[in-house]
Amino acid sequence: MTDLAIPSVANGKSGHWGLESIVQALRLSREESHKVRHLGRIRDLPSRTALVKILDGLSAALFPTHYGQPSLSDESIDYYVGNTLNTTLVGLAEQVRRGLLFAASPEELEGQDIPARAQQITRDFAHQLPHIRGLLFSDLQAAYQGDPSATSLSEILVCYPGMTAIIYYRFAHALYVLGVPFLARLIAEIGHSKTGIDIHPGAEIGGSFFIDHGTGVVIGQTAVIGSNVRLYQAVTLGAKRFPADESGALVKGEPRHPIIEDDVVIYAGATVLGRITIGKGSSIGGNVWLTHSVPPGSNVLQANNRQNGLQND
Amino acid sequence: MTDLAIPSVANGKSGHWGLESIVQALRLSREESHKVRHLGRIRDLPSRTALVKILDGLSAALFPTHYGQPSLSDESIDYYVGNTLNTTLVGLAEQVRRGLLFAASPEELEGQDIPARAQQITRDFAHQLPHIRGLLFSDLQAAYQGDPSATSLSEILVCYPGMTAIIYYRFAHALYVLGVPFLARLIAEIGHSKTGIDIHPGAEIGGSFFIDHGTGVVIGQTAVIGSNVRLYQAVTLGAKRFPADESGALVKGEPRHPIIEDDVVIYAGATVLGRITIGKGSSIGGNVWLTHSVPPGSNVLQANNRQNGLQND
Amino acid sequence: MTDLAIPSVANGKSGHWGLESIVQALRLSREESHKVRHLGRIRDLPSRTALVKILDGLSAALFPTHYGQPSLSDESIDYYVGNTLNTTLVGLAEQVRRGLLFAASPEELEGQDIPARAQQITRDFAHQLPHIRGLLFSDLQAAYQGDPSATSLSEILVCYPGMTAIIYYRFAHALYVLGVPFLARLIAEIGHSKTGIDIHPGAEIGGSFFIDHGTGVVIGQTAVIGSNVRLYQAVTLGAKRFPADESGALVKGEPRHPIIEDDVVIYAGATVLGRITIGKGSSIGGNVWLTHSVPPGSNVLQANNRQNGLQND
Amino acid sequence: MTDLAIPSVANGKSGHWGLESIVQALRLSREESHKVRHLGRIRDLPSRTALVKILDGLSAALFPTHYGQPSLSDESIDYYVGNTLNTTLVGLAEQVRRGLLFAASPEELEGQDIPARAQQITRDFAHQLPHIRGLLFSDLQAAYQGDPSATSLSEILVCYPGMTAIIYYRFAHALYVLGVPFLARLIAEIGHSKTGIDIHPGAEIGGSFFIDHGTGVVIGQTAVIGSNVRLYQAVTLGAKRFPADESGALVKGEPRHPIIEDDVVIYAGATVLGRITIGKGSSIGGNVWLTHSVPPGSNVLQANNRQNGLQND
Amino acid sequence: MTDLAIPSVANGKSGHWGLESIVQALRLSREESHKVRHLGRIRDLPSRTALVKILDGLSAALFPTHYGQPSLSDESIDYYVGNTLNTTLVGLAEQVRRGLLFAASPEELEGQDIPARAQQITRDFAHQLPHIRGLLFSDLQAAYQGDPSATSLSEILVCYPGMTAIIYYRFAHALYVLGVPFLARLIAEIGHSKTGIDIHPGAEIGGSFFIDHGTGVVIGQTAVIGSNVRLYQAVTLGAKRFPADESGALVKGEPRHPIIEDDVVIYAGATVLGRITIGKGSSIGGNVWLTHSVPPGSNVLQANNRQNGLQND
Amino acid sequence: MTDLAIPSVANGKSGHWGLESIVQALRLSREESHKVRHLGRIRDLPSRTALVKILDGLSAALFPTHYGQPSLSDESIDYYVGNTLNTTLVGLAEQVRRGLLFAASPEELEGQDIPARAQQITRDFAHQLPHIRGLLFSDLQAAYQGDPSATSLSEILVCYPGMTAIIYYRFAHALYVLGVPFLARLIAEIGHSKTGIDIHPGAEIGGSFFIDHGTGVVIGQTAVIGSNVRLYQAVTLGAKRFPADESGALVKGEPRHPIIEDDVVIYAGATVLGRITIGKGSSIGGNVWLTHSVPPGSNVLQANNRQNGLQND
């Protein structure tokens, strides 16, 4: 009858971590770094897991035969799209709400109807989806035309990390513009983690955009990219380098990333830095390091590439 | 008794997305881009989720003590291998079938017994597995010999992304040769996403191949790599650059990636482009940009590396 | 009553893979490569899946409001931290035990109480967690100060792959020092796979460390990094290149990666190789290839960057 | 390099089950009982797991606000219903196909297009769903009127096992009539397992049917039940008892369960056996044992109930 | 480039269900039965899945070593209990909120702060948990004393359906009294489905209560049961039978189930009906049908049991 | 920089449960009831979840085409059986170990090699599986012969709860005899919960046993059942009723349930109590209450059944 007093194993010490002191030390560490103890319920952050599901839902709504469920037919596809949209938008509205709450200080939230604003942003986003699909279809065609290995549009949708990165970027950018930058950043990072391609949601990118291979591509927050631009792996469109000041901080603000005009191709490993302009129709060679503007139609190669500046021991 | 008429919340507007107009606009967008409405059931694409499971199964069948389930013993290991193979091959045959259906046009499918062909391809693939295991074991030994940090073969199997990339490549290549390139591409991309290493399944790669670190490596479709070759991170074996034509498309077809002969080492960040040949036993330095063939035994360094062409402000 | 004798479909051949011969060939392949048949139960390897869960648990215990469950409140947070720690440490102790068993030869294990040693290592690790949190908080502040795009500490914790990589590195390094290098390597590789950032757990890295973008960063086993260092994507802190010997193996042992002193910034794509020292406060430019030490306060740029050594066709 | 030859633990005997002899003995046992070895691929049985999901889908399509997903709105509900129906019917068609294959002998299958027949049966079933919903709504109202504890229709849909049992019965019966009795039996048994109510899908049951509490109710294969009938727990509508013949088998075939006319109530524990008729409007008391027909309007009580045939020690 | 226009399979008819007409007919069926179309978002019902998890959480919080996670130790158990309680109560509060919304009409909800009321009810419930645990421990001891087969308290907690049923009843009853009867009913039904024991949450049951075997037990809404009562399988404590009126409905309201005083035993299959009182210390025999009160100390047997009223053919 | 100090929502009170006092009260309640505080790690109980998986595995190993995975073929079935057995037996050995630890007092465990004993018991159990399969096949044939509704052996295996109950009983009984009664009880209860059939694992039951419908059947610990016995729903083979003593406890020990000889049929609702013997070939009628032995060939009916002792109002 007293068998609930379960005897301990062995010497009574195994599994003893000294939890109490660790928990207390971690609490101290939290309080020190935050300067203040939490009061009441903590605000929930946007959830990465929820966003992954939302991104799957949005992709499926736009390209149901490629990212949706199997067994779709002509009579069922609109039911699928409509239902997927509803589920996904309800989920997105909750994440937008969290993103709004999170970005703002308690004072800013005063008197605002945050859930209503989250609903409105989500609704506005939803109505942009057909337009976004149009852009993505132009990207898809650009990939098909730009890669001699591509055998079909389906292969690009299903197998190309560049396509995934662009899809996520276009969702993230729309949300960024609608006023939920935190959420946009998180979506971009989900894309970065899956593809190795890092596009800041603040960047502006025109239609028919294609990134081949893609690992290591970085596109900065204030970059502006025209139509029909093609990038290869490890291209950086970054901010120019600043001399290190004493605190090690970079100056914040202002446009600091390149403007890439229409019809430009930038080959693998090229680094383009600062608020410079790459003129329409230019071609930037692999591994080129470029920090000044070039006029339309330029064909820039790294000096030692052309000279084959290599030596053989 | 009428309580099933569940009253709406609040103002009857929350959660209203205007689904009908969005669904209709998306349908229009699909129809425009596809030029044609779907009729009847849509063909199922190969499933990425299914392939991930299949790749796990194949890896487990080849290296059961490292990628298989725990609790294997000498008396149970063959039961495990046999059962895993059966489950995995049944799954693979279905994906091969989808891949075949997908790659072909309706006319080509006319009169073909696609399921039977999928079975035969899968069976042929299955019988290559012991040979593939042999190649992979040579890769494993090459990694052990090529990396001073490696402490055991097990560490390489469990911790090295290069090993994962090669395993997936060898599966993908076998399927590519057997006539299911779409599936092969998808497998390669799964490997790319996990490791940052992008090997086209069309490439031909000999035994004892090792990629260290690996992020950013790109190996093109028509590359040919001999035995005992070692690559480091961010190495590109790519197609040479073509001047941009008016449509922005690259010319398709023909061998356009390098041939790397036996016993070559290519260091991090090197870019090797075009149908050139790197002679047996050569060593290509880090960051080198190489667009011409080099004879056996070459030791190529970037010019300014040797001159330490750096300046101090 | 004999309906259990389920009739075969069709021609009795579909689904026949010839399993027996494949299973036998794979067994032969295993035995050849291992030179010896397994006897009895096979030792379980550390489990990647289990470690992923453990890393989530440790991250949640250190930053419960960012990586923990939702619905935490001031009264519940310590219960959550304590419970998460207990579950996670029990899981970690099992993986440490496997790691110890795995690393050692049967002779070395003779007479040792491996489970007790695993408990002790886990307990020691647990008591370092508050210290590790302190370091990570300094890293977090460094990221905020070092990136003009960062809008809050929360954004960095949730969205920055560099932060994830550093968190995993700090866990891995502590375990490396405590004597479970296999486990440490596996944790590092999980981080590499998620972020594209490859930090060997043997490296020593001071506080206030920040990696921006990060894809392609490689930090070698014997690298030593001071306080307040900032790296950008594709930076390599590697071993110097050795001439290929006949077996293709590199010489093992000895410190062979750079020492980076405090307050250094290294820009994207720079390659720093060998046991050289980058003096305090130095700045290394993008794409620089550096194989010799530089004194404190150096500002190193690649020659042709400064000269804008580019040509226009 | 030989570390893949993982040493065994301890004495090389732990975990040794003697699998080979057990596997062989089980194979012998299978072959003996089946009289014949399997040839080729074995036909797949209908899957209980798949059917559970299908039942959830059908229930959700009929009562989306009670059994469907949350977050439905007036604009999204038809998308949800349509999409759920499509997914569910595709799944059902596959199970119907299996059921057809399973029920028939190989000879019967000769020359039949089983998949097409499965599609047709599923389509016919689908078009009966609105009618079935109408019946179920009458059952729901009967429950509300028949149970003084019921507070709303929603409570009955969500909390009453009798309702679940009737929903499953009505689906099963429709499939039984359409010619897939095996599937119908399996659905009925899923309902039995959830509710303790065992209704054979062959039984015919009119509208406005209600079972309260329900555990232990058994309704036989050839029972016929009119409209507006109410049963309580542990009521049996069974076949009459047959004297045991030498083989212990009961005679198969012919109607052998009761006919219950409209407006009958049968109280808990009553047993009604054989092809008898309970006349319209009758009431059968608790624990009554009844093996002969009774005219309309009968009120049957067990003798000793009325006499309070109880003794007090 | 037009490969997104995926060709249909075969004859373009397979998989065609005629969804549109079914969806429309189901909508009509819903509108007819509900008399009204939904407007806006539909209120979410309490979720059975969520409640199952909540019941697991509550059980684990009360008996952590039997229903909680493994690997608890003396230093970790309170962290586990605290964290489990927090998670569970947050989940319960949401279900209580839904239950409150659901039970009330829109008019009743006007101006109420339902979330705050849900919080308060949940908090009140939480503070009753230690008291509930005390009652359950008395039930546990009663089971141990009342069943000669029971070998330990742990066996009863882990293996006895009667114990599960009582635990769920005690949770449900507390919520019933606190004003969320819908939730209470749903919890009771979850218990019923798992155990075959059907206890209405409105019933009042004293301590040291034990149900052996239990399948088929029914305890009605207004039953009152004293301390130290023991029931066996298939016992009914029901409402008395009413003659069928023309609508078939039973009269609602008023106490209509038995009062069972302390120390009563009721054997398998006994049926006790109506607002009668079974006096303290009485024993009711198996299969007895009892519709009148009996004084304390009664020992009631069915007449023909005592007389062995059986015949042999 | 201080944004980690996440502001509280609203009034700082929501979500506050007063956890500390509840956790403390629950700890007190545990300590009071157990009389002793836990020391060190608590012993793990056998896991219901693990056992459910083990039962699935054992069922699949015995009837792979009915309970195993799909896609089995003649060449793969033994791999499947062998692998399933290995996985399942490893899992079972762990549960047996827990069961042994749990049943024994710390003193009894002193100096025992419990893991080795658990291995041995599991091995012995494994070698009984072919014999158990033989018994189950006889049960299957008995069901087919005993139920006029049964159309195939497969239908019985897949749809009959009686079959499930017997399979679980035969596993449980073997473990009971091998000395792990706690585990056996838990398995029996899993079967009870799924089927409503409650068979104590201590009962002894011969071959060709069949239970039809089954809900409410109870078979006690010391019951002995011969070959070729058939039971219907709600049959009780129980212990005789004892007058209530002052503590309410029943006398423990000694055989107290019936002996049922070969070829007996017992119809629905019959109650057979005490250590009596039902002679070979007897038939016991529905609802009969029997507390004395009957000779072979008896045909027992309830008195008022034969007399149709019913009255019509």
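We just call them A, B, C, D, E and F in the order they show up, numbering each chain from 1.
Note that a residue touches a chain if its C-beta (ideal position, glycine included) is under 8 Å from a C-beta of that chain, and two chains touch if they have at least 3 such contacts.
Bear in mind that the values here come from a model prediction, so they are computed numbers and not experimental data.
Undergrad: Give me the chains shared as neighbours by chain C and chain D.
TA: For chain C paired with chain D, the chains in contact with each are A, B, E, F, in label order.
Undergrad: How short can a chain-to-chain path be from chain A to chain E, counted in steps between touching chains?
TA: The least step count works out to 1.
Undergrad: A-D or D-E: which has the larger count of contacting C-beta pairs?
TA: So, comparing the two chain pairs, more contacts are at D-E.
Undergrad: In terms of CA centroid distance, which chain is the most far removed from chain A?
TA: F
Undergrad: Select the chain at the greatest separation from chain C, using centres from the mean of Cα atoms.
TA: Result for the farthest chain: D.
Undergrad: Pick out the pair in C-F, B-C or A-D whose interface repeats that of A-E, meaning over half of the contact pairs match by residue number.
TA: Of the listed options, the interface copy of A-E is C-F.
Undergrad: I want to confirm something about chain B and chain C. Since they are copies of the same sequence, is their interface symmetric in residue numbering (over half shared, so same) or not (under half, so different)?
TA: Here the answer is different, because the shared fraction of interface numbers falls below one half.
Undergrad: Centroid from C-alpha atoms only, then distance chain A to chain C, rounded to Å. What do you get?
TA: 23
Undergrad: Take the average of all CA coordinates in chain C, do the same for chain E, and state the distance between these two points in whole angstrom.
TA: Centre separation, chain C to chain E: 50 Å.
Undergrad: Taking each residue of chain A in turn, which ones touch at least two of the other chains?
TA: If we look for residues of chain A contacting two or more partner chains, we find 2, 4, 6, 8, 14-20, 23, 33, 38-42, 65-66, 71-76, 78-79, 81-82, 85-86, 90, 152, 154, 196, 215-216, 234, 269, 287, 299, 302, 304.
Undergrad: In the complex of these two chains, what residues of chain D are touching chain A?
TA: 69, 71-73, 75-76, 78-87, 90
Undergrad: Within the complex, which stretch of chain F touches chain C?
TA: 1-4, 6, 8, 15-20, 23, 65-66, 71, 73-76, 79, 141, 144, 152-154
Undergrad: Using the touch definition up top, name the residues of chain A that touch chain C in the complex.
TA: Contact set of chain A toward chain C: 14-23, 25-29, 33, 37-42, 44-48, 102-103, 181-182, 185-186, 188-189, 192-193, 196, 198, 200, 202, 215-216, 218, 220-221, 234, 236, 238-239, 241, 243-244, 247-253, 256, 269, 271, 273, 287-292, 294, 298-304, 306.
Undergrad: So in the complex, the part of chain D that touches chain E is made up of which residues?
TA: Per the stated touch rule, the residues are 61-62, 65-66, 70-74, 77-78, 81-82, 85-86, 89-90, 115-116, 119, 122-123, 126-127, 129-130, 133-134, 137, 142, 145-149, 151-152, 154-155, 158-161, 194-196, 213, 215-216, 228, 230, 233-234, 263, 265, 267-269, 281, 283, 285-287, 299, 302, 304-305, 308-313.
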